[in-house]
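Input: one structure, supplied below.
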Amino acid sequence: MKNTNKNTAVLLLHCPDKQGIIAAVTEFININKGNIIYLDQHVDKAEKIFFMRVEWELDNFLIPTDKINEYFQTLLAIKYEMEFQIHFQNQKPRMALFVSKQAHCMYDLLAHYEAGDWNVEIPLIISNHPDLEHVAKKFNIPYYYFPITKENKEEQEAKEMALLKEYNITFSVLAKYMQIISPEFIKAYPNNIINIHHSFLPAFVGAKPYHAAYERGVKIIGATSHYVTEELDAGPIIKQDVARISHKDSIDNLIRKGQDLEKVVLSRGVEKHIERKILVYKNKTIVFG
Amino acid sequence: MKNTNKNTAVLLLHCPDKQGIIAAVTEFININKGNIIYLDQHVDKAEKIFFMRVEWELDNFLIPTDKINEYFQTLLAIKYEMEFQIHFQNQKPRMALFVSKQAHCMYDLLAHYEAGDWNVEIPLIISNHPDLEHVAKKFNIPYYYFPITKENKEEQEAKEMALLKEYNITFSVLAKYMQIISPEFIKAYPNNIINIHHSFLPAFVGAKPYHAAYERGVKIIGATSHYVTEELDAGPIIKQDVARISHKDSIDNLIRKGQDLEKVVLSRGVEKHIERKILVYKNKTIVFG
Amino acid sequence: MKNTNKNTAVLLLHCPDKQGIIAAVTEFININKGNIIYLDQHVDKAEKIFFMRVEWELDNFLIPTDKINEYFQTLLAIKYEMEFQIHFQNQKPRMALFVSKQAHCMYDLLAHYEAGDWNVEIPLIISNHPDLEHVAKKFNIPYYYFPITKENKEEQEAKEMALLKEYNITFSVLAKYMQIISPEFIKAYPNNIINIHHSFLPAFVGAKPYHAAYERGVKIIGATSHYVTEELDAGPIIKQDVARISHKDSIDNLIRKGQDLEKVVLSRGVEKHIERKILVYKNKTIVFG
Amino acid sequence: MKNTNKNTAVLLLHCPDKQGIIAAVTEFININKGNIIYLDQHVDKAEKIFFMRVEWELDNFLIPTDKINEYFQTLLAIKYEMEFQIHFQNQKPRMALFVSKQAHCMYDLLAHYEAGDWNVEIPLIISNHPDLEHVAKKFNIPYYYFPITKENKEEQEAKEMALLKEYNITFSVLAKYMQIISPEFIKAYPNNIINIHHSFLPAFVGAKPYHAAYERGVKIIGATSHYVTEELDAGPIIKQDVARISHKDSIDNLIRKGQDLEKVVLSRGVEKHIERKILVYKNKTIVFG
């Protein structure tokens, strides 16, 4: 789906499951001359919660764009106790890219970006190491280097957060950024920081998962992209993938095979986020197709 | 590989890695007029250990079958500090099948057995529940029912072990046998009890892994066949496989999709064991192709 | 989803895509006091066709069961140019099982059936060989043996079709039934004959696909369950799965690994059919989750 | 396996299967004080052909490097009717990269190259379009643009082949190079031109495989890296991988998901070629682990 600056609205919502929600929401759009181009919904029967994503064209929509939120709140959200977000696809999400020393995920993301695959802006790259500045330069994206020590971490993160504000960043991607983000930072961007963990979570939480996988003698390794929450590697999972290994694979091989997983699993998670196809509820994701 | 009662010997060995081991072993066989029909080897470079599986035809082999072990020990094993086993493919392994209430793995194993896919005998089935006796009857295999409580566990296991002796059982398969085996039992059959765990180990050790997977919101589920050791679900992994799930899958769906994994992962692990293609070293397996 | 004889109706429909279809259908159900327990829909944007599956509880539904079809036709189907089917989950589909000499798919299907996994009746088994009668006996299902030659094929198939009528069969499953079904037979059961083909279609159509895969040197093999149409192995695909192979795998190994795929791919296709989750349009399937 | 300029020799051979080959080869190396660091072998039982890859350290090897070929030929190859190649890992293979308009495979290969993952030199990039020159510039690699028409094809390919000679190119990689290579070119580099085909071969040979896959309604798509031979998309397969799709996926989605497969499948095929782990025999590959 090439970045086409479509003039559409995306509504993401969840609420207690009741009769008539789909009918009510689609009628709200149809009656106001919105043309629905996407609708998907899900009912979590255990939790009795209804989830929905609708996208419609705004060209002939009767409600002015800046009033849609208010009208939807008044006419539907209160009645059905909905939590909802409305996004406009012609307002591109703005992404900050965090890297450390490994370039494979960075290259994969930037190649997608340069190809125009995604409806996103990447105005800056942040790193705790100087190593990958040359890659940022290749793509003409400013590279901010913040070396981080125990002592200066708070101060450096404050500067990073100021930068994110300055650049109007809406979400961040940790592309093998080997530095734990502090709770204050995370709280400022709930469900808007995406990390790639190089294991099949919840197996092998924390550092050196490939070494741990090798030690345990598993026959399959994995990678997981997830939203960052305060508990390490425990946030809502977005995408996972796996690859077969055998006794022949050294730790170096696991790392190599794992990097192929990491880049794909991270890029596809970022893509779903950019497309506003992810809903988070109780530390789990609904990822629409 | 249909059960053909081939007149071959299988040598499985490991030893410190040195120059010339393959040459020495293959010469031992060639010089005595054995025709090698399979050879695979592996060097664990981290541990500096050499692993090998060789199979050769015995028809013209100069060393009498009952002397091969002694000759190999004297001529090669001492020199290279080898640990080794020699199996004869015309001596079928004898397998005890343990079940509880779920039949899917049991049916898959017995369908393979009845089709003659494997070089094995299954002379008895043991259960802690009466539920699956009707399946055993379908295949004309004696079904021994040992209800197990906290109080009688030791006594019942003693009876089970006596039965295994009586039937000359060489290895046991726990096909969704929902009862923990005691350490004494395990010690009596080192690397000869195969279990199926319904998760992608080491994720979700213990009871109710599908419920835990659902709770965690993973996007892929798995199953693991492994040798049973004293630490629960921590023994050497033989086979693993996975299936994709999504937010649409209820716990019931996870269980259903998982059962398909379980039966295939268990049967393929059992097959490798029967073929004597598994070496265990330091809680990890080498599974030859 | 254990066979629970739910008192629900399943509506499957497709029609030209227009505004308001979901709203109209869900209102039809809600207003008549049906409680929707499942709704999924899909828009084929290339063809501009809307597809939908809805399931609702009939307990308090105001329209009598035997009138739902007529009312839906009158009130909605004509207006929206819908093609639709309505099924009642307490009317179990009745399945005929066709087999030849290989038992692995047969056992997998019958193990599911015996476990009560599916809302189905399997009142008869038909074969062109006597080999698997002993399996049918294990499950107490009548086994009809119709040896087929070029000369008697028409006559024998006529007998088979008479049997299917006698047993009120709604769909048939060819579980490694190695005999081509004639066009007359296929026409009598459109989208109601499910076959398993032992390759990743459209690769390796026709006989001996594992031999062809071995010859071509592929690195992955597959299996495909599909509805039977007049063109061989060209009907709508329901499920596919694959397994990795390598140069080490002999044709025998491909067959062995392939059988694991075949049984799972067939059983999961049959399951979707029984759950009435498959819509066919222009030789392709929509398989709802 | 980072590019370490190891001082080792790699011997790849095949010959009629006989007793004693492994012993003879390993003795040849051991007796001359070569330390074997890798040995893998395979017997094709259908063809009765033996395949082997051995790698050993040259530091103390008694036979001078430039004589190894001659000695091996004289002492072993003649006796066993071997076809063999000997490579020295400190002589890096030299790779030409061919591209057209899509950059995803190109970026993936160049990111590996820049990271030093592979023991290879990429001294030039050749294209039939000017579009990706900016990517070549990012990596400081000369970009040669040869627009190709029916009329000038022979002439342009002659120039390309002259360039490959000038740069001492040992193998070429067609990274989504959308131009058929002529037989003369292919003959000049047997088993040294690697292509990525965006389907699961042999399904969907030729142009527009994703459109064909969409049309057929398959549930899994794939990608294949293979050596180029004169018959289109029919050369020896090196690597394949697949991804699940559903009725929800538009052709655009297939292309997107397919690109992730393409880059990984091509890069891993190229890696195996660089590592000299591929043997080709009768249009099939043996790819050692």
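Order of writing sets the chain letters: A, B, C and D. Residues in each chain are counted from 1.
Operating definition for what follows: a residue touches a chain if its C-beta (ideal position, glycine included) is under 8 Å from a C-beta of that chain, and two chains touch if they have at least 3 such contacts.
All figures in this text were calculated on a predicted structure; none of them were measured in a lab.
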item	value
Pair joined by more contacting C-beta pairs (A-D or A-C)	A-D
Far-end chain from chain A, centres as C-alpha averages	B
Cα-centroid distance, chain A relative to chain C, in whole angstrom	37
Distance from chain B to chain A - Cα centre to Cα centre, in angstrom	42
Two or more partner chains touched - positions in chain C	246, 248
Category of the chain touch graph - line, ring, star, complete, other	complete
Residue numbers on chain D that touch chain B, as the complex places them	19-20, 22-23, 26-27, 30, 35-36, 39, 41, 43, 244
Complex contact set, residues of chain C against chain D	42, 44-46, 51, 200-204, 216-220, 222, 236-242, 246-248, 250-251, 283-287
Residue ranges of chain D touching chain A (in the complex, touch as defined)	1-2, 102-104, 107-108, 111-112, 114-115, 117, 138-139, 246, 248-249, 252-253, 256, 260, 264, 267-268, 289
